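Got a structure here, written out as structure tokens. Questions coming.
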Amino acid sequence: EGEVKLLTSIKPLQLIAAAVQDGVGKPAVLLPPGASGHHYSLRPSDIRSVREAQLFYWIGQDMETFLIDVVHDRQGPSISIQTLPDLQLRYFGQEHGVGHHDTEHDQDHRPGSLDAHLWLQPSNALLIAKRMAADLTIADPVNTERYQANSVAFEQRLEMLDKRLRKRLAGLSDKSYFVFHEAYDYFEATYGLKHAGVFNISGEVQPGARHIAELRERLQKAGPSCVFSEPPLRPRLVETLSANLPVTMAEIDPMGTGIEPHAQGYEELLERLTEQLSGCLEKL
Amino acid sequence: MPDFLLNALLAGLALAVVAGPLGSFVVWRRMAYFGDTLSHSALLGVALGLLLGVSPTLAVTVGCVLLAVLLVALQQQRLLASDTLLGILAHSTLSLGLVTLSFMRDVRVDLMGYLFGDLLAVSSEDLAWIIGGSALVLTLLVVLWRPLLAITVHEELARVEGLPVATIRLALMLLIAVVIAVAMKIVGVLLITSLLIIPAAAARRHARSPEQMAIGASLLGMLAVCAGLSLSWYQDTPAGPSIVVGAAVFFLCSALLPRFRSSPASATR
Amino acid sequence: MSELLASLENINVHFSGQTVLENAALRVKSGEIVTLIGPNGAGKTTLVRAVLGLLKPQSGNVWRKTDLRIGYMPQKLQVDASMPLSVERFLRLVPGVARTGALDALAQVGAERVIDSPLQGISGGELQRVLLARALLRQPELLVLDEPVQGVDFAGQAELYQLITRLRDQYGCGVLMVSHDLHLVMNTTDQVICLNRHVCCSGHPEQVSNDPAFVELFGQGVRNLAIYHHHHDHTHDLHGSVQRPPVQSDDCKDCKHA
Amino acid sequence: MPDFLLNALLAGLALAVVAGPLGSFVVWRRMAYFGDTLSHSALLGVALGLLLGVSPTLAVTVGCVLLAVLLVALQQQRLLASDTLLGILAHSTLSLGLVTLSFMRDVRVDLMGYLFGDLLAVSSEDLAWIIGGSALVLTLLVVLWRPLLAITVHEELARVEGLPVATIRLALMLLIAVVIAVAMKIVGVLLITSLLIIPAAAARRHARSPEQMAIGASLLGMLAVCAGLSLSWYQDTPAGPSIVVGAAVFFLCSALLPRFRSSPASATR
Amino acid sequence: MSELLASLENINVHFSGQTVLENAALRVKSGEIVTLIGPNGAGKTTLVRAVLGLLKPQSGNVWRKTDLRIGYMPQKLQVDASMPLSVERFLRLVPGVARTGALDALAQVGAERVIDSPLQGISGGELQRVLLARALLRQPELLVLDEPVQGVDFAGQAELYQLITRLRDQYGCGVLMVSHDLHLVMNTTDQVICLNRHVCCSGHPEQVSNDPAFVELFGQGVRNLAIYHHHHDHTHDLHGSVQRPPVQSDDCKDCKHA
């Protein structure tokens, strides 16, 4: 009764919202897990849910271009996360370890443009949660206290989570690993990790021969290392390049695929990510 | 009916109407892949637009027009069929676009965003554009109908009979190119090319004159739009693909149905 | 009254190095029937296409009366099967033609029966008649016909030649045609141009048919032809006994007649 | 040369060799968009494969073969040109795939993987497949060469002369379909369709016989592979698109170059 | 020695409701020349295609000797411009033919000159000769020719008919041909079938040419024809004075001759 209909564009935002709305309502999500904004064709129910949602959260027009027109027609407030004040945003090519300048980016996320994977930094998640709590309070003043309490609880849990993660990841910073998709800069910056290289996976622009030669060299130099792919994509490039090298393949998931939305969902996302990372890196 | 569905319906119907006659020419002139070629070349347009600091939409539209002109020029040689030429242009421009982009390290291009619109996201402003544009294109088609037919039936005969063949052909190409370029951005390339060719092909078997085929294609296209949007509404499927599936079903029916009596038989080559 | 409609001079055409026309020339006036004859590959179609402006000769002058209204019947025509086109609609592509007009034209060429047939489905001879009907419908000042009775049945051939002559008489249009039917053509032509890469000889049919170059080009068969032609006219002459010198004949000693 | 580049070079050369004669048939038979159609239908194959619990690769390959058979059946009607039929099949299957997928919310399909393979990712095992497959296809082509030519020149003449036209045509289609389906998975559809049509089209103008065109296309394709991979190596551009750009440059040169003396002239229709 | 090669009985063909052939029949034996004549749209090409198995009649029996080797010359042929195909290569698509063989065949039909030309570039009459050459190269048991001399020049027409007769004599093959050249055909044919949707009359040329149905179908022109034909044979007869009753003629009162 009187539950605020809150809709987010992607799963991680839904998980954050679930923490804030805990006990009062269930936030919904627009895109199915793994759907890429590129190939997503809208269904009437999608439009309807965007229209009918009282609150709508999306990353923003840099990331979800296909939503621009739909959001435009909404009556209620739509919050573009990338425009929130105080959020720590990263841009591709903004800062780097020395050296490998040109080879560092995968092609979906070109230098100079916004790195949209901002939810992988807990402080950003907290800011988003606070904004959600504030919006919900306005929309649903009756449950003001509940939202505030949830928000505070989320903050406290995040602090503990942060400690757990730091502990878990401590000592792994010198391990070498490669990722397919430059999605982890926020997470890495927070926890002192650095990937040794990026494979290019999907996307129309493939890497050039020079890039691949360098990658191969780096793989050889790196010694034992982990290569993380995102299910179900498993580009053949990595198998070709890592042939006869002491490379361990593992999977990693920045989107929280398969996590049921509940109060601790967001933490589960980060913990799983950490488990996946450390699980492989520890064995090196 | 919610307004977004109404917008989608009206936009779809307007496009279907103009796609009937235009698509008939596409089928007759073997340019089924013109739309795909334009969409492939859009990437090059975007890349060059970024390089020259022009708005991408403008660059893409200009690119489409240039491509149409290039195609007309290549067709003059007559050694290669239109589909081969379209295939070459499509893949060359796409590749050139990809190579160009690989030199421009500090821009991010959302390739698909430029190509795939969505019928359900059509705004009222878009709708006004589509309806106005369709009316304009239809008027042009009606005015140019006879010369267009004449050059399509036999170009040399038309030339001897004093028609400015090159001009008319270019006009047709540009008309098709502009319709595709604009519709591509609003409703997506998949839907517009399908609306061009599938209803026209379905109408072919039962038409006895070019006009019947053009009008039949318009009607079939409109039916497909209605059927597809119903499917989308009741089964919650994506709108554009549902319309295409609807049109494909009509095509299948038309291919399996016995032909109307005394309609033109297949030519025996 | 007879006005010059088209005139070609010194036409040279090569296709990938091979000479197809060499110094060819041609003049068509209104009210005049000019027939191009010559062996296969002589360049007749090529010359006609030059007259029509469909082909630009490598050198030479092509002149046409400004805004000349031409009715053209090509040697072959192929329409894509994807186009649903009845014979009626094909004829009505000519501006200002109604169904009755189309039917009239078809009746003139003896093909009313196919008016509702698909253009791609009619027989070879029927198509030929339809093409002629379309050329007529343009009410041309110059009628250009490339082998108009090719594939037309026996009775139709003579009829169509008579039709062409009648049209010339009625409307005073000029006619340029290509033909291999020497026995029918000789009766109905004002001027014959005998082509074999270059113009071998030209002039009135009687002159030409007695020209040695003509006989050399077409073989001894043409002697019988001349007889047949006269026989048909019921003026029982002897076998080519009258051997007047040709008037407008070029020297043909250097021809390599294929 | 690093071994991945060597692999890429060998795979590219092997594909170019077989693409020469096969692509000539594609150009002659106006099937330039066969590859694109197959890649569009891959999505439907994947969706159905998931639905039926079959491996996607198998489903896609079977789908390609079925599509080739369907195309042959539709071509029998002769009312519509090949490019129109291909366009209809491509867009219908893609849309059907999208609609099917919309019922299966939790499935993630890597469509791009089928569209953009990567030549630089060719492993030694892939290479062995490509070379073996190319050799097999080439052998088949040599064996079937004369009948294939005969049915392409004039199908009815071939039939009267006692050739099993339907079988040979189906064999050709399946040959092309299988080559595209396999190559698509390994090097991407962009590269394989381009290698099929662009070198063959470039060779057309200067060829005097079908054999010259086929061999010329193979040679031009191999040159394009070398040129493209050099570009990719020295300028760090994506490998596949660079090869396509190379081929396109050769096509342009061939279109602008004066023709060899006494080569076949353009037909005047 | 003469063996039945193909036989059709009670053939009925409709195209979209229109009857094109009604109860047509045909038999070709080896060593025999059968000529189909009839007005345009009579169904000659359709009947020929039924003999070849290119068209399945709606009803009727089609029988062909098993593994009959056929040389076929279609009424029209169009090869895609995207195919670089010289005349030589086109002829050598027939298995076992070398360049010399191709050149020989072209020489027989008088078209050696175009051996290296692109098939799509040669003139109408040249193409016709090339098609005939190809049919010959198959060393056929049955030669099927749809208007073999259409578009062929004056001298060539008679030569080609003579060539066909010579081939029949040399190799004993059967010949089924369609023609409108009554005056040439009558000399060289063993059996004439006069078609107009149904078989109007058939038999030896002399019988047929005196059949009233024949005269009705082709008009009074054929009377001159018969004379010309005899004249050509230098046996100066009177104008169709001998009026023997035809032997194998069907009753033709119900024909609507177009």
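So that you can tell them apart, the chains are marked A, B, C, D and E in the order they are listed, and the count of residues begins at 1 in each.
Note that in this section contacts are C-beta pairs under 8 Å (C-beta built on N, C-alpha and C of every residue); 3 or more make two chains touch, one makes a residue touch a chain.
These are the chains along with the protein names UniProt gives them: B, D = High-affinity zinc uptake system membrane protein ZnuB; C, E = Zinc transport system ATP-binding protein.
Quick caveat: nothing in here was measured; it's all calculated off a predicted structure.
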{"item": "Contacts common to subunit B and subunit E (chain labels)", "value": "C, D"}
{"item": "Labels of chains that are neighbours to subunit A and to subunit D", "value": "B"}
{"item": "More contacts between chains, B-C or C-D", "value": "B-C"}
{"item": "Chain at maximum distance from subunit B, centres defined as averaged CA atoms", "value": "E"}
{"item": "Mean-CA-position distance for subunit C and subunit A (Å)", "value": "79"}
{"item": "Approximate Å spacing (C-alpha centroids) for the pair subunit D, subunit E", "value": "43"}
{"item": "Inter-chain centre distance, subunit B versus subunit D - centres from mean C-alpha coordinates, in Å", "value": "24"}
{"item": "Per-residue overlap in subunit D, given as positions that touch at least 2 other chains", "value": "27, 30, 78-81, 84, 98, 102, 156, 204, 235-238, 240-241, 262-269"}
{"item": "Where subunit A touches two or more other chains, by residue", "value": "39, 41, 43, 102, 204-206, 208"}
{"item": "Subunit C residues counted as touching two or more neighbouring chains", "value": "15, 18, 54, 78, 80-82, 117, 121"}
{"item": "Pairs of chains found to touch, sorted by chain label", "value": "A-B, A-D, B-C, B-D, B-E, C-D, C-E, D-E"}
{"item": "Interfacial residue positions of subunit C with respect to subunit B in the complex", "value": "52-54, 67, 69-70, 72, 74, 77, 79-86, 89-90, 93-95, 116-118, 120-121, 138, 144"}
{"item": "Subunit B-touching residues of subunit A, taken from the complex the two chains share", "value": "38-39, 41-48, 51, 65-66, 69-70, 72-73, 92-93, 102, 105, 109-113, 204-206, 208"}
{"item": "Residues on subunit B engaged by subunit A in the complex (per definition of touch)", "value": "2, 4-5, 43, 98, 101-102, 105-113, 116, 118, 120-123, 126, 232-233, 236-241"}
{"item": "Complex contact set, residues of subunit B against subunit D", "value": "27, 30-33, 36, 74, 77-88, 91-92, 94-96, 98-99, 102-103, 156, 190, 193-194, 197-198, 201, 204-205, 236-238, 240-242, 244-245, 247-248, 251, 255, 266-267, 269"}
{"item": "Subunit D partner contacts - residues on subunit A that touch it in the complex", "value": "32-35, 39, 41, 43, 102, 202-213, 216, 231-233, 235-237, 239-241, 243"}
